[in-house]
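Taking it in order: structure first as structure tokens, then the write-up.
In this document, chain identifiers A, B, C, D and E correspond to the written order of the chains, with residue numbering beginning at 1 in each.
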Amino acid sequence: MSEPKAATKPHLEYENVLSGSSKQVAQFDSDKKTPVQKFQYFLHSSPAAVPLIVLILSLAVFASILGSKFFSPFALTLILQQVAITGVIGAAQTLVILTAGIDLSVGAIMVLSSVVMGQVAVHYGVPAPLAVLCGFVVGAVCGFINGFLIARVKLPPFIVTLGMWQIVLATNFLYSANETIRSQDLGDSAALLQIFGQSVKLGGAVFTYGVIALAVLVAVLWYVLNNTAWGRHLYAVGDDPDAAELSGVNVKRMLISVYTLAGLICALGGWVMIGRIGSVSPTAGQFANIESITAVVIGGMSLFGGRGSILGMLFGALIVGVFQLGLRMAGTDPQWTYMLIGVLIIAAVAIDQWIRKVAG
Amino acid sequence: MSEPKAATKPHLEYENVLSGSSKQVAQFDSDKKTPVQKFQYFLHSSPAAVPLIVLILSLAVFASILGSKFFSPFALTLILQQVAITGVIGAAQTLVILTAGIDLSVGAIMVLSSVVMGQVAVHYGVPAPLAVLCGFVVGAVCGFINGFLIARVKLPPFIVTLGMWQIVLATNFLYSANETIRSQDLGDSAALLQIFGQSVKLGGAVFTYGVIALAVLVAVLWYVLNNTAWGRHLYAVGDDPDAAELSGVNVKRMLISVYTLAGLICALGGWVMIGRIGSVSPTAGQFANIESITAVVIGGMSLFGGRGSILGMLFGALIVGVFQLGLRMAGTDPQWTYMLIGVLIIAAVAIDQWIRKVAG
Amino acid sequence: AGVSACLITKTDTNPFFVKMKEGAEAKAKELGVTLKSYAGKIDGDSESQVAAIETCIADGAKGILITASDTKGIVPAVKEARDAGLLVIALDTPLDPIDAADATFATDNLLAGKLIGQWAAATLGDKAKDAKVAFLDLTPAQPSVDVMRDQGFMMGFGIDPKDPTKIGDETDPRIVGHDITNGNEEGGRTAMENLLQKNPNINVVHTINEPAAAGAYEALKSVGKEKGVLIVSVDGGCPGVKNVQEGVIGATSQQYPLMMAALGIEAIKKFADTGEKPKPTEGKNFFDTGVSLVTDKPAKGVPSISVADGLKKCWG
Amino acid sequence: MAQEPILTARGLIKRYGRVTALDKADFDLYPGEILAVIGDNGAGKSSLIKAISGAVTPDEGEIKLEGQTIHFRSPIDARKAGIETVYQNLALSPALSISDNMFLGRELRKPGIMGSLFRSLDKAAMDKFSRDKLSELGLMTIQNINQAVETLSGGQRQGVAVARAAAFGSKVVILDEPTAALGVKESRRVLELIQDVRSRGMPIVLISHNMPHVFEVADRIHIHRLGKRLCVINPKDYTMSDAVAFMTGAKEPPVEAIAA
Amino acid sequence: MAQEPILTARGLIKRYGRVTALDKADFDLYPGEILAVIGDNGAGKSSLIKAISGAVTPDEGEIKLEGQTIHFRSPIDARKAGIETVYQNLALSPALSISDNMFLGRELRKPGIMGSLFRSLDKAAMDKFSRDKLSELGLMTIQNINQAVETLSGGQRQGVAVARAAAFGSKVVILDEPTAALGVKESRRVLELIQDVRSRGMPIVLISHNMPHVFEVADRIHIHRLGKRLCVINPKDYTMSDAVAFMTGAKEPPVEAIAA
């Protein structure tokens, strides 16, 4: 072994001066920040702040137009009930979109899971808890297949879930023979399936168990995303999968676990949906894809992955809910509501972009 | 001005040996290529070859199962008629996807354009050519708005076109008052609108003008993409927009022109659709989004932009058409057809991925 | 080869059409007819139906039974089929114009709406004058069934529908509002919640079909109003009739898809054998397969059948 | 310097959100010279040349080409004015061929109606021109001019980019760290290329962290520090140690260099 | 060399489609040494170290760590075995903080039930460790350990990546062109860091195109050419000219160097 050599060699004599070099870095925070800039910086650093502000503003606007009929504990908790399913599915979508993916099959998985729960409980006479378990297994399996194709076979998420959407939905119709299981039939043999329809009343406010499930789900996922290694890895994978892989994240396993978890959450969504509509219907949930993506997008999450907060998704779902109920109460035609939500989607992302651009 | 200095300096004396360095480049084409590898290389270098082979295979399979009922000039040209709309909209989608974008509003733009053509011609009594022009203007304007928001405001294409989809569709319902214009009414006052429904018969084969329009459109776009500067720029933008911008492509103008052209092609699609279904229906074309994306994807185009051929899209659309007609004729339940198409989507991309992976 | 026929429904996910298909299949088997079924992807998907008609022509079918998604839009394709020598029978939904098909075997949807409207008005009696009515419709596109049931209900109930081809132009103060349900439970519940929020005193609910009615009932139940509100619906599917039995729905207009389909198959077989085309019901321009109001609380002046009878004839 | 500068910039300011990348930066390039721009990472060198070449629009400041004030809104404008730039990230389109890349944004059309009406590209002419240019610059190891750029090695790509700039630049050629990822042999080739271009009378701006290279080829050295031009020195009057000391803030530059 | 090599590879082959990036490449690293790997662009240097560090799986060949044959299926396996790598493209997650990046894939959990059951991260401990490591390596210019990596300059990022490798590497540290895009000052800092790590007894593999740097720090130089190891030389026995000549194929290497 040779001795470590002297640090200086003829070729690098010019580097000797470095010892005297300034330690200052070329970063110049501009001092004269206007309040607007400060505000922008705040918005930039807290991704859920923009949708929260939009939510509060839209609540204020509708409250001032519609008065106490809208701004009552009952109406406000009604909005929560109406967005519960979208919120749960949106949570699944959030995880997937954080990995820079997209899941078009969430709605189909939700419906198939709910149909399996209902069929197994009512037609095969299996005890309700086991039937629910079957539903979750189906959701997880569908999610796992998505994850496997995306992570192992390396197919683009858009295409995999586009294909799975059609496959799962067709399976659902073939399996259920398009048959609705009525609320009463469920109530007799498997009341557990409807549990999310029950509610807690606090004054005028009505919180269904479905709403509570949504709140708990979002809280748990928020904790997991921010305070566990799995959550950090999820962000890393969405940010730059190659970098994540090279710096020690098992990207394939992460992707598979994310899609499987998304499938599980969709099954939970199916269960919540049974609670909400009382019955098990194979034709339900046709708009869950679009609604969940809309919630995520209005919630300020980047479709390119790695950025955004699950709280933003919740606020995004609520914004849509507020608009739908508010506009309906104001007597607006459903078609105008559609159009306004289209505008809202574009506007939400445009605002987000503006903040990013100016706050840098 | 100082004289150019001698090329050699003490610091770089070690570089003097370079004059004697080998000119060989570190590229080692493996010589022992198996026929399989050669085939893979062929497939890799001609992006439309895979879908073409799949198309021929599926034709062969259905022909052998269903016999002459399926493999007749009439049935085969019927497939062409059935994919004409998907093909035209798929051409618009192709352009957008080549720029690494996606257009979810194609179907809505197509319908709105056709409704405008019909309404202007029948209800305002404007001469048919002018009514068609109005439809094209509407299509171009919608496309332009997409392009503007994507290129100038720098919003993600998925979100812009998701919003536009809802906006345009709602506009369509509001404007048309959900009213279908009957074929007879059109025939009386604006037969030009139905021109793409007319056909040329050659033996048993029936070529509607719509099919001919599709063929011409694809041929023109193929020429434009491969033999004009605009086409080269389109590929460059999809490949790496920053690189394209820095090396002299006006990326914003390209994007705006692509989305505007896509809007125009959608309007053409609307016109073709009037010819096909005879009447003007505001509820038509709801699946044009998914069908066009499916055609593009099965046609082997990359959703990440910059790679793929418009011929692939055409073959992709035809594959779906062959499957649909073939399965229907075989008496398969429609849900099985949907499921099979879901499988087909995933399989097509998996094969493509495999070729890319092995052929490098 | 034997006679072959086609059945083209709006969707193959709605139990109504599923039953229609079953009825047609059973009859086809009985008569030795080869039947192939087609459907749109969703309600309103007319292109799939056009493609299906073309397939039937190419396939050499003798006749087509179709429930058109777009009653005007499908006409040119139907004409093509008829020109090719096929017998085309519209099921459930008449084409526009109605003589575009060789025959129409249908429910009179306007009548179905009228029946439930009359029943609701009669059941409320004097209170009908200041009733608060919610309309749970189908989709934003206002397809024709939607319009006919909705406007028929108004006629039966005694509300001026203004333009009977358009929902939403009415001015009667008893109308709380219209909302869309997409014909399913989730939509029914949300729409009901929304309209209740607009006016909590709603006491009559017109629903486009029974799944929407079931959803509306859940919404009412959640606020404890399920007792005081009359829900009426149209369809007559078994889950729906059972819901009438249990008081979820007050009354429903039952239609008979199995019968429509079976009659249709018979007509095609007859046409193939003898070239004879079916004739419409006396006094109407279509063959009315009938509609009956199902309720156990019959109202005076409104003909109805009992739930027990309804259950015998129900489908799905 | 007796001559007028061909390209000057005064008081350029460019902010990225909270970072000020250019803080009243000045710049002068004289005809026929090789001007090296050196500075620490993040000093703002790339931002400076991006401002000059139209890739970013400065928030404030003035740029003059041959005495005329110019406002480039995109790299295309700068190219049209005769300024060709090889960016730090190369800016080639990976899936396009070498020839496509050479001519991107200035394609040749076929003569006659095929070109004017049908806007058909004259691929043969473009291929020939590209092949000639690459051979001229000694890049004969590229076998196929229609090869996609993504199949080339880093050195070959750099060669294509430099060849493009040299072939089309009519007034100024700017190179941002053209040898950063290159091997010894490949770096040497690029340096030779630069001297080749200069010998044709074209002024060149070279950004580099490689002091021996800079001192070998530069006529003047622009030292950039903290977003502005600190000074300009003549490599014959100062040693590498001096340059590094100025650049890193270890030593104050002499007053006459600042005035330059 | 009296000692046994700590890391060896024999007959590595790696093909990318039609390109053979490694063509029966060999490799030996001895304890406590700095081994430089040099070669032309595209010679296969990065492919070699990717094979060794588990980032790619070689098609053929054998790798031994401390005499044990190993089969890494991912970089995680290599890390677990004590091999830390700084890749040419850095491999940091831009949106995550410095501290998150330092601990990616080996996060610390809180003690007690919060850590074991709720798997809560011990952010305070990780931040402290990261701050200590960065200060140790003289990277005190970073103010906030929770700053996102994307807000750092190129030099600072490189510093974080090297600090991570140095902090966690227990057997081997591999650096692929760590100074390619760095300025003079930043490069010097990284070289010092490398010598620092070596002085703690850890063997280092350094890939670089910068001959002065290589000859300054390396104990042995592995010359890679056309996908295989051409020879290994001692920088004390050969000049830079020799090394460049071998590397570029201008001169045949001596037989004893090939045998090494």
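Going forward, a residue touches a chain if its C-beta (ideal position, glycine included) is under 8 Å from a C-beta of that chain, and two chains touch if they have at least 3 such contacts.
Each chain and its UniProt protein: A, B = Autoinducer 2 import system permease protein LsrD; D, E = Sugar ABC transporter ATP-binding protein.
Note that the structure is a prediction, hence the values are computed from the model and not measured.
Note on connectivity: the fewest chain-to-chain touch steps from chain C to chain E number 2. Distance from chain A peaks, on a Cα-centroid basis, for D. Remark: chain B and chain D have CA centroids separated by 38 Å (rounded to whole angstrom).
Averaging Cα coordinates per chain places chain A and chain C 37 Å apart. Each chain gets a centre from the mean of its Cα atoms; for chain C and chain D, those two points are 73 Å apart. Within chain D, the positions touching two or more other chains are listed as 40-43, 153, 184-185, 211-212, 244, 248. Among the residues of chain B, those in touch with two or more other chains are 11, 14-15, 18, 21, 25-27, 170, 173, 333, 335, 338. Those residues of chain C in touch with two or more other chains are numbered 12, 42, 140.
The touching residues of chain B, counted against chain D in their complex, run 1-2, 4-5, 7, 9, 11-12, 14-15, 18, 21, 23, 25-27, 223, 227-230, 232-233, 235-236, 239-240, 242-250, 306-307. The part of chain C that touches chain B in the complex is made up of residues 12, 36-39, 41-42, 44-47, 50-52, 54-55, 58-60, 69-77, 79, 96-97, 140-143, 166. Contact residues on chain B toward chain A in their complex (touch as defined above): 11, 149, 153-156, 158-160, 162-167, 169-171, 173-174, 290, 293-294, 297, 303-304, 333, 335-336, 338-339, 341-346, 349-350, 353, 357.
Put simply, chain D touches chain B in their complex at residues 30, 32-33, 55, 74-76, 79, 85, 87, 89-96, 100-101, 104-107, 109, 118-121, 140-141, 153, 156, 164, 184-185, 188, 191-192, 195, 198-199, 212-213, 215-217, 219, 234, 236.
Those residues of chain E lying in contact with chain D across their complex are 39-43, 153-155, 177, 180-187, 209, 211, 244, 247-248.
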